[in-house]
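Note that chain A is present in both complexes that follow, paired respectively with chain B and with chain C.
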Partner chain A sequence: MVDQVHKEFRRRDLLYSGALWLLSLIIPDPQLHYRREYRFRKRDLFYLLTILLLPLIWSDPHFHHIMVLGGIHGILALGLTLFLGYAGQISLGQAAFFGIGAYTTAVLTTRYGLPSFLAFWASALTAFLFAYLIGRPILKLKGYFLALATLGFGEIFLVMVRESPRLTGGVIGIFDIPFFSFAGFIFDTYLKQYYLIWGVLMGLVLFSKNLIRSKMGRAFLAVAASEDGASAVGIDVSRIKLGVFVIGAAFAGLAGSLFASVMSTANPETFSLNLSVLIVMMVILGGMGNLYGPIAGAIFLTYLIDELSRYQEYSLPIYGVILILLLIFFPDGIGTRLRIRLIYLISYWGRKRRREKVEL
Partner chain B sequence: MFLSVEEIVKHYDGVMALNRISLQVRKGTVKGLMGPNGAGKSTLFHLISGMERPDSGKIFFKKRDITGLQTYEISRLGVGRTFQTLQIFGNMTVVENVLTGMHSRIRGGFLSSGLYLPQIKKSEEIAIKEAKEILELLGLFGRWKWFASQLSYGEQRRLEIARGLAAKPDLLLLDEPAAGLTYPEAKQLAQTLSRLKEAGLTLFLIEHHMGMVMEIADEVAVLNNGELLAEGPPDMVKKDPGVIEAYAPRR
Partner chain C sequence: MKKMYWVIFLAFISMTWISPGHAAKTPYKIGVNLELTGPWAEITKTLKNGMVMEVEKINAKGGINGRPLELVFEDNGFDVGRAAANMTKFTRDKEILLVVGPFEDNLQATTRAIAEREKITNLIICPSNPMVRGLKQQWAFNIAQSDIIVSQKLVDLSLARKYKKVLVFHGAWPLAQSLAENFKSFGEAKGIKVIISPETHKPIDIDMTPQLTKMKPIIQKEKVDAFYACTGGPPGPIITKNLRALGIKTPVLGTHAFGFGFIIALGGEAMEGVEFPAAKPVVFDQLDANDPVKPVNIDFDKRWKERYGTPSDQIAGYGYDITGLIEDALKRVKGKVTRASFRDAFENTKGFKGTHGIYQFSPTEHDGLSKKDMVFVRIEGGRFKRIQLPGAE
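And now, the complex of A and B:
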């Protein structure tokens, strides 16, 4: 009889460990929270294949559109997570860099007829330069003061866009921005745009991943943990902060450029404080100190907002309640907590079954 | 002179923290800095490492005036330090803490790191090997995969020294390295420090453990209320009436 029980255990254990393995493939590892992420693991391959195959399996144009928006938000969140999740600084002005990118592309392609491929890089460069000029004085501030200063920058950007109609079209904005095209290939359907945006996002994830596992990533974490400690080991704290800020802004500029060429319009309402807060929300909900979490958060929130828009005037309260609940139950990101809870549940079931068997 | 502090004055809103302090540290020696609480010891370290600016006076390191330099510049010139209140990076593993200490010695900027060029990979690999050696020296090798925040207090203190050593400093400022350690731990630390001294490192340490200072220091300076009370070999300082008065005032 003992043998029988033993065999039973083995099969069950196999089942549970299979489930755990599957889980480890999909959901970020809580131990990886804040740890350097290595180049390629099984999980990365899984994500890559999912992203590549998903739109083919689920070929609904609306879904493609949501994923295009989610990808753009993902780029924004990725840029911010380097700044917020790794270097521990807060920025509420991310939407402004997004806007700078979008308007650069809009102006360059509609007024000067520049190819959108060049405008794409020009947008990143413009956002980069603006971030550099603003970052130098602003990044001396810490905590709430930094949040307020970046928030102020976002508002100033909006006012400037609204008040210079000649360049930006004022409140009305700019229309008929051509679709992104490269070497004669025009990204005019949602499916093509999906691959464009997720391709860019993958490149940026790779870049960020490399950054995080090199000495720069360690410097980010060091600045977040202790600025005194960081400077005592020879890290130029202000340079590191400026560097992360500028990289995040360049990411946002790229996202803005893609947004302008996907949506074909750019108007100031899009780049308000709402968006900045939304990006911060994505990073926090997805999980800080993790590169994939914020992207998951971006997809989730984009999807949620789209779903809720059906309920019209009730959408905002429902949205708020959901966010509050998530922040209560998953304070350090959906990904990180979910895994811990699922592992706990699975091992609990395993133990329970085993106990029952032994008692018999 | 290796490190030379000249006529340093520092006050905080009327409190005189350091009043015209001058002292020297010779290359390859261990200098102890003692004094009651609030004597200005940590302030002196903050001034040397550039975390604060002196009101007047100059600090020279290897004949270079380092008085208004930034902390990271002074660190890159070869002055490492640890802190009285631990400043380890709890969000990283132990080995990553040490690797962070090597920051200025590992190659690469933002762009080359982001692209992970071959040279970056190479210097990372060398650095990891070296970091493990340093951890071995301080007896933390078994913990290298742990998060720094998971270590015990004594281990965190040692980790901070390891991180300071990783930068290959010429002078290491240790701010109460034995504070909060148990007796055997402090003894072990003293051994490690004397081994570092044999390896040619110059140490300047603040310490309250009388025994430890007497054991490893070549020279001792005593501060009290921002004034330099005594300076010289440990045996002489121990007998100085002013020092005895400061530590055990007669009622």
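And now, the complex of A and C:
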């Protein structure tokens, strides 16, 4: 179908190709994990410059705020895409690890006066430990059962938070969490928080890029393809699954810590099932099986939800319709095979007209 | 398939559509940040209708100082992140003078912190929990009766009814919890024994029988005089119904959130005899003849019925009060109207007559209403009936 389009060249194709070239700079490459080694490419420079310069060019606190939230969601989606996209396991309990991270930071900074930089790492460590304890038993499950087990963990976490008011403040939660600060530098404006969060996100993307090229990363793909097959070639399936689960949880813990310091509150309503489903949606919409797609999905959904706020009562139905349309036209996510998908969509009119001509 | 493209096209068109303003003079813009979707959708819609009606009335009279009011609504979908993002959106817009909402306790803490940082007035309808109010923020004001006033009023009611032991069954959200704790502290100071049940409920629970069955032995063993359903919304009638179905005849006390028509409709027969302290709009036709709030309510209810065809309620009344308070403050601003001068004018509100009562704000008191602005109500014959208790008014 792609060949057909290129057979006859029309003037308006020039218009498309310009747009496609621009898109090709941004759109992630689906073949990423088959490349042999990692080189710093033109595209990475483009991303880096965009992230660094965008908030300065578009200097608007609301835009910064949305990008801060989008970045936090991006960290969550990145953690989940390793588990869901690469290792092929499903988790509906990601919000719980996010909550563990947020509460760890909240408790350590407000009750024990720990610097937020230490609390940040402690959050990742706590989420990591919880994931290890939970993951040992439940990762023996597969498919729907794993989804249910993680869902159950999310609910248990919420009940524990609500019923232990001494530690977590119960339903009221914890207020007045200080802003993130490092060596006396306080991240108190949205612009500073933007650079903090996107800095962390870039670090995690680099980590994930190296991870999926490592021996362990290739084992993820093998486990996703077939667990029996993977164990037949000598991969310790349960160890690999546990490994990717705790890494995803640690990412969520970091995101939770950043969220608590940005929002300055932590309360149980935030970490409900809705958030877990939203993160899964970001990963699916962004495209499973690559790293940039879920981040794009996270920013897109955060921005979309915020933009729809002005439609008041109608925001929810419009949101639903847009999601359905996106899943119809981009079933593999907006980040996967986007170029081919767009060419297909753009050429649809031309093909249709030609088809009708032949029939006549 | 062609239709599909039209759908996408229309969706994009509608996304870029911005409501046009045709005002001749630049309006005073008010940001409204509410939970228009999610569990509070119905209540916030009533509030929105009330504010829209009042703003149209003010604009029809020619606005304030010749300038109209304009409401800018944003839905926050019951989500902390979105509520905070809306708040920054409003603070960034230089024309927005103040922000009303959000409604939910958990969301307020964040928006109040932003209001404090960005220096913009934030009017809160439901009072937030004592921890947040304890911060003594300069830019946030509470419109509704606070949990402290409601609890004190309820203690008065219990004293007048000579209840010696009260069992509290509270909801698992901040306001219900602080209502229960305040009731305990005020009640025990007055010699009432208050037992707060370890069982709680959530706003979405549709059956409380499991919790109530566990509490039944406590009710029988301790011989409690009254059962305090410390909750709001649908759980109120559900608790009363389940309690009666279990054969418990103990009198039930409610919170001020019981004063809605749907509460009686849901609870039916079981609601008979439930008593609670209520805001004045609930029984505005039964107020004393010389009550200054009575004519305001009668006028508001008439206009509400003409426009929406349903009886008005407390929340609609808040719509009137907020818009009226803003109008009142704007009229009193001396010189240029800015965010700071508006805040100062609002803080000096003295004796504004709303539907709920007479509002008094001061630099030390950011809760507008006082204990005098509440009455006692009993449900009788499917209606709210005002009761007068000598010595407790």
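In this text, the second predicted complex is superposed on the first by the 308 of 360 C-alpha atoms of A that agree within 3 Å, B and C clash if a C-alpha of one lies under 4 Å from a C-alpha of the other, contacts with A are read in each partner's own complex, and residues count from 1 in each chain.
The definition used in the following text is that a residue touches a chain if its C-beta (ideal position, glycine included) is under 8 Å from a C-beta of that chain, and two chains touch if they have at least 3 such contacts.
Bear in mind that the values here come from a model prediction, so they are computed numbers and not experimental data.
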Q.
Output check: A:175 vs chain B and chain C. Expected answer is one of first, second, both, neither. What do you get?
A. second
Q) Counting only touches as set out at the top, which of chain B and chain C does A:222 meet: first, second, both, neither? A) first
Q.
Quick check on the superposed pair: does A:231 touch chain B, chain C, both, or neither? Answer first, second, both or neither.
A. first
(Q) Output check: A:45 vs chain B and chain C. Expected answer is one of first, second, both, neither. What do you get? (A) neither
(Q) One more residue to check, A:311. First (chain B), second (chain C), both or neither? (A) second
(Q) Let me test your reading of the model: by the given contact rule, A:324 touches which partner, first (chain B), second (chain C), both or neither? (A) neither
Q. Residues of chain A touching chain B in their complex?
A. 34-36, 39, 207-208, 210-211, 213-219, 221-222, 224-226, 228-237, 243, 247, 289
Q.
Under the definition above, what is the set of chain B residues touching chain A in their complex?
A. 49, 51, 70-72, 75-76, 80-81, 83, 87-93, 96, 99-104, 106, 108-110, 113-116, 120, 124, 163-164, 166-167
Q) Contact residues on chain C for chain A in the complex? A) 4, 7-8, 11, 14-15, 36-37, 41, 45, 48, 73-82, 84-86, 88-89, 91-92, 104-106, 109-110, 113, 129, 131-132, 135, 172-174, 177-178
**Q.** Sites on chain A touched by chain C in the complex
**A.** 60-62, 65-66, 69, 162, 170-173, 175-176, 190, 263-265, 267, 269-270, 274, 302, 305-313, 315-316, 318, 321-322, 325
